[in-house]
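I'd like to ask you about the structure that follows.
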Amino acid sequence: MADPRFFQRHGPFKLSELAELSGAELAPEADPDRMVQDVAPLDAAGADDISFLDNRKFLARFRASKAGACVVSPRDQGDAPGQMHLLHSSTPYRAYGLIARSFYPAPVAAPRRSERATIDATAKVAADCTVEAGAVIGPDAEIGPRGHIGPNVTIGAGVVLGADCRVYASASLSHCLAGDRVTIREGARIGPEGFGFALDPGGHVTIPQLGRVMIGDDVDIGANTTIDRGAGSDTVIGAGCRIDNLVQIGHNVVLGRGCAIAAQAGMAGSARLGDFVMVGGQAGISGHLTIGDGAQIAGQSGVITDVPAGAKFGGYPATPVRDWHRRTIALSRLAKRKGKSDG
Amino acid sequence: MADPRFFQRHGPFKLSELAELSGAELAPEADPDRMVQDVAPLDAAGADDISFLDNRKFLARFRASKAGACVVSPRDQGDAPGQMHLLHSSTPYRAYGLIARSFYPAPVAAPRRSERATIDATAKVAADCTVEAGAVIGPDAEIGPRGHIGPNVTIGAGVVLGADCRVYASASLSHCLAGDRVTIREGARIGPEGFGFALDPGGHVTIPQLGRVMIGDDVDIGANTTIDRGAGSDTVIGAGCRIDNLVQIGHNVVLGRGCAIAAQAGMAGSARLGDFVMVGGQAGISGHLTIGDGAQIAGQSGVITDVPAGAKFGGYPATPVRDWHRRTIALSRLAKRKGKSDG
Amino acid sequence: MADPRFFQRHGPFKLSELAELSGAELAPEADPDRMVQDVAPLDAAGADDISFLDNRKFLARFRASKAGACVVSPRDQGDAPGQMHLLHSSTPYRAYGLIARSFYPAPVAAPRRSERATIDATAKVAADCTVEAGAVIGPDAEIGPRGHIGPNVTIGAGVVLGADCRVYASASLSHCLAGDRVTIREGARIGPEGFGFALDPGGHVTIPQLGRVMIGDDVDIGANTTIDRGAGSDTVIGAGCRIDNLVQIGHNVVLGRGCAIAAQAGMAGSARLGDFVMVGGQAGISGHLTIGDGAQIAGQSGVITDVPAGAKFGGYPATPVRDWHRRTIALSRLAKRKGKSDG
């Protein structure tokens, strides 16, 4: 179970309740009244726990699991050990997430405002927000209902956050308008001035960065990630985007809805990503490129051309994944031949 | 126009004033008394705005622009739409930057010292500095005239900042001496102890890092970038360098004047860069290497040898760009041949 | 010598004292009563200083050095200039580190608690800790003896730090249990929720992250590095690990003892590293892989398969270093041939 130092467990729940809240279906043999006490990974779960199988890579753990209940795709039910009560779902990980959230909902504290927070007199902070010690909220900033502003956070002048937003420790925002249910994690930097200057041997000339960062609803931005504000137009993060830690997003970048950007990836200025684009860790996308809806970019790739919708690209320079794999194999063979002829 | 929530516009200016302050020249047909209200990108500008064309990639937007005025290279003036009053410049982006700064100068607030700032009694902070809430300034630190120390910033013991320096939210400095007009952006870390230890199976032994970070005039350091202090000698950032977000600069690295280092690039310990070196995003430079004046390193390259002055290097291991492109093309052809013979 | 603005020197020491505290041996010709005033690099050291030679790359500097004393491997003693008093060690860098620490021990201030720190009434902070201005320590957190909590640090609810831990400016910790002598550098993020969600076109579903970050004794974590807490099981950083700046460590990653992870490297979720693994700068390790004890991963590599104990891997996809070099050479030759036949 999760360490009670850090996590407060709710429940228990009947298996039928978990089915309903997760959109899964009770298997015919499952006992709807079975009580479930907690969630746990396959290899740690016991008789009172519910677990999940999403990736067949873990089928052996599934077969050996002592979990009393499990969310599983119908195609894998035949491998279930005898004691398991099954919930069927075509998206077991999603269903598990909803179940886990019912056991461990986001903590809701009574709204409070630390005396050690510094809130400008002109800022509009909804009455039911929590503002923790060391937070600094600037002039004319607006924080919507049920917001949570963590310790040592800085909210710059004029910044707007919608309802139910959470900003974690030491993050900072400026020149930013955000929607509802937006999460900004520890140390993230939203709205810095960015890398705009004219090269000049006599001293580079700074170009004022006059745009904003526009953040849609349900966006989640990772720890120590940096998102520069626009240079003239805005930097835009579409609704539902998930951005991991230490990601760099340059000025004027536009992300469509639901993109997933893994850790340490970088997007240079004015790159445009469509909806539901996935970018792997440490990948780089050059400036002024267009990446189509649903495209997938492999980790560590270097993208220097546009990518069509739905395409899977990888390598450096990035190409369709099939071509990239061919290059890798061809080079490996060539090196082996050379190795032989040299040796 | 820039969002008045975040930006305060000055002006208007006559076209002749803008020519003078930017070093551009009025085209013969241009009306020197034409009033300009604002700056704007080519595709958003209207009759009262001034824009610029620097990259011929955007020639189509230039031709279709409704801007009342534009800074442009004389070679492109033939493509200007009829309504446009032109300023000529051989460096239109630079001229635009100076014009934009006249409309949107860096905000100058009346100096103030938040009661929520913590300034050691022995620190010397010039009377006309602004120090915001949550800032902590340590013993014997010195902040020169007109400095701006943002919210939740930490200035360590003994740190010196010259005149007109700005440190943004949550950045921290230690063991650092900086010149005038230095900008440290949100969350940047100047002066950490760095990665110095002797490997030892019985427990790695920390090597005390006894150097400093020396920062020249007019340096600009990006958000969440980290610059370690020297191990014995100093880490040096030459005057006029521009360093983007999430860059790592190891101990004893020396950057000459005017270098431009793009986001997520990294320089290992004791690398030495000459003047006006350009390093692309996510590039890495190994330790103890020398990169000559004016060299250019492509994004994502891995440099493991010295680079001569003026050279353009790319790839991993990085080589002259021409060789790198040849390798890319040769491999692509090889893979296609293999693909055919395999298929 | 180190700048007295930032560093307070102890000593002087007799050469015999330095030999004893560093485990080095006095060379037969060395004067045990020779007084040493300071440490210095080979090229800056004078008659009263002690230096070291660890890497034969710097043999020329060693021969030309004016240092009065030097730690050196016995094999290199023949190259020593006449004035030098030698200490012999098979690990000169390690011995130098211990000597430098005797001249420049970590500063020990009288314990103090800033009135500007915010410490929850239920937190247990040892009486001899220092807590600086702007630090925020949450409910039920525990800080062991002689801890140092820097300015603007955030320690979340329930976090435990053992004895002699140091947390530098603006770092934040949550959901974390740490051992003794742990160092968390400026802006590091320990315990964020991490990148856990089920992809869903109707809105990605957040998976609650219910694990912790477990940090062993003597761990050192670099500036602006991010370490996500576990998803179900824990993220584990083994005793003695050294982690550089801007490193990303995903949820459920397990590092054995004494690993050294260079700057900007990234480890995706559930990667497992053995003991004393070394990972070069900007390298990436995919999720769910196992890297054996003592393996070495070259800088910028992309590891997408397991790596056996003791192996040296490099390239992307990473392979044994020998194969990677062969690929590099084969490609270079192929490109040259093509270049000729094309030209």
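Things to note:
Labels A, B and C are assigned to the chains in the order they are written; within every chain, residues are numbered from 1.
Keep in mind that, in the parts below, a residue touches a chain if its C-beta (ideal position, glycine included) is under 8 Å from a C-beta of that chain, and two chains touch if they have at least 3 such contacts.
What you see is a predicted model, and the numbers here were worked out from it, not measured in a lab.
In this structure chain B contacts its sequence twin chain C using mostly different residue numbers, the overlap staying below half. Superposition on CA atoms relates chain A and chain B by a rotation of 120 degrees, given as a multiple of 5.
Chain B and chain C, compared by their mean Cα positions, are separated by 28 Å.
Among the residues of chain C, those in touch with two or more other chains are 134, 152, 170, 187, 224, 246, 264, 282, 331, 334. Contact residues of chain C toward chain A in the complex are 118, 134, 136, 138, 140, 152, 154, 156-158, 170, 172, 174-175, 187, 189, 192-195, 197-201, 203-208, 210-212, 224, 226, 228, 232-233, 246, 248, 250, 264, 266, 268, 282, 284, 286, 288, 302, 316-317, 319, 323, 326-327, 329-331, 333-334.
Of all residues in chain B, those touching chain A in their complex are 2-3, 5-7, 39-41, 44, 57, 91, 93-94, 96-98, 100-101, 103-104, 114, 116, 132-134, 150-152, 168-170, 185-187, 218, 220, 222-224, 240, 242, 244-246, 258, 260, 262-264, 276, 281-282, 299-300, 328, 331-332, 334-339.
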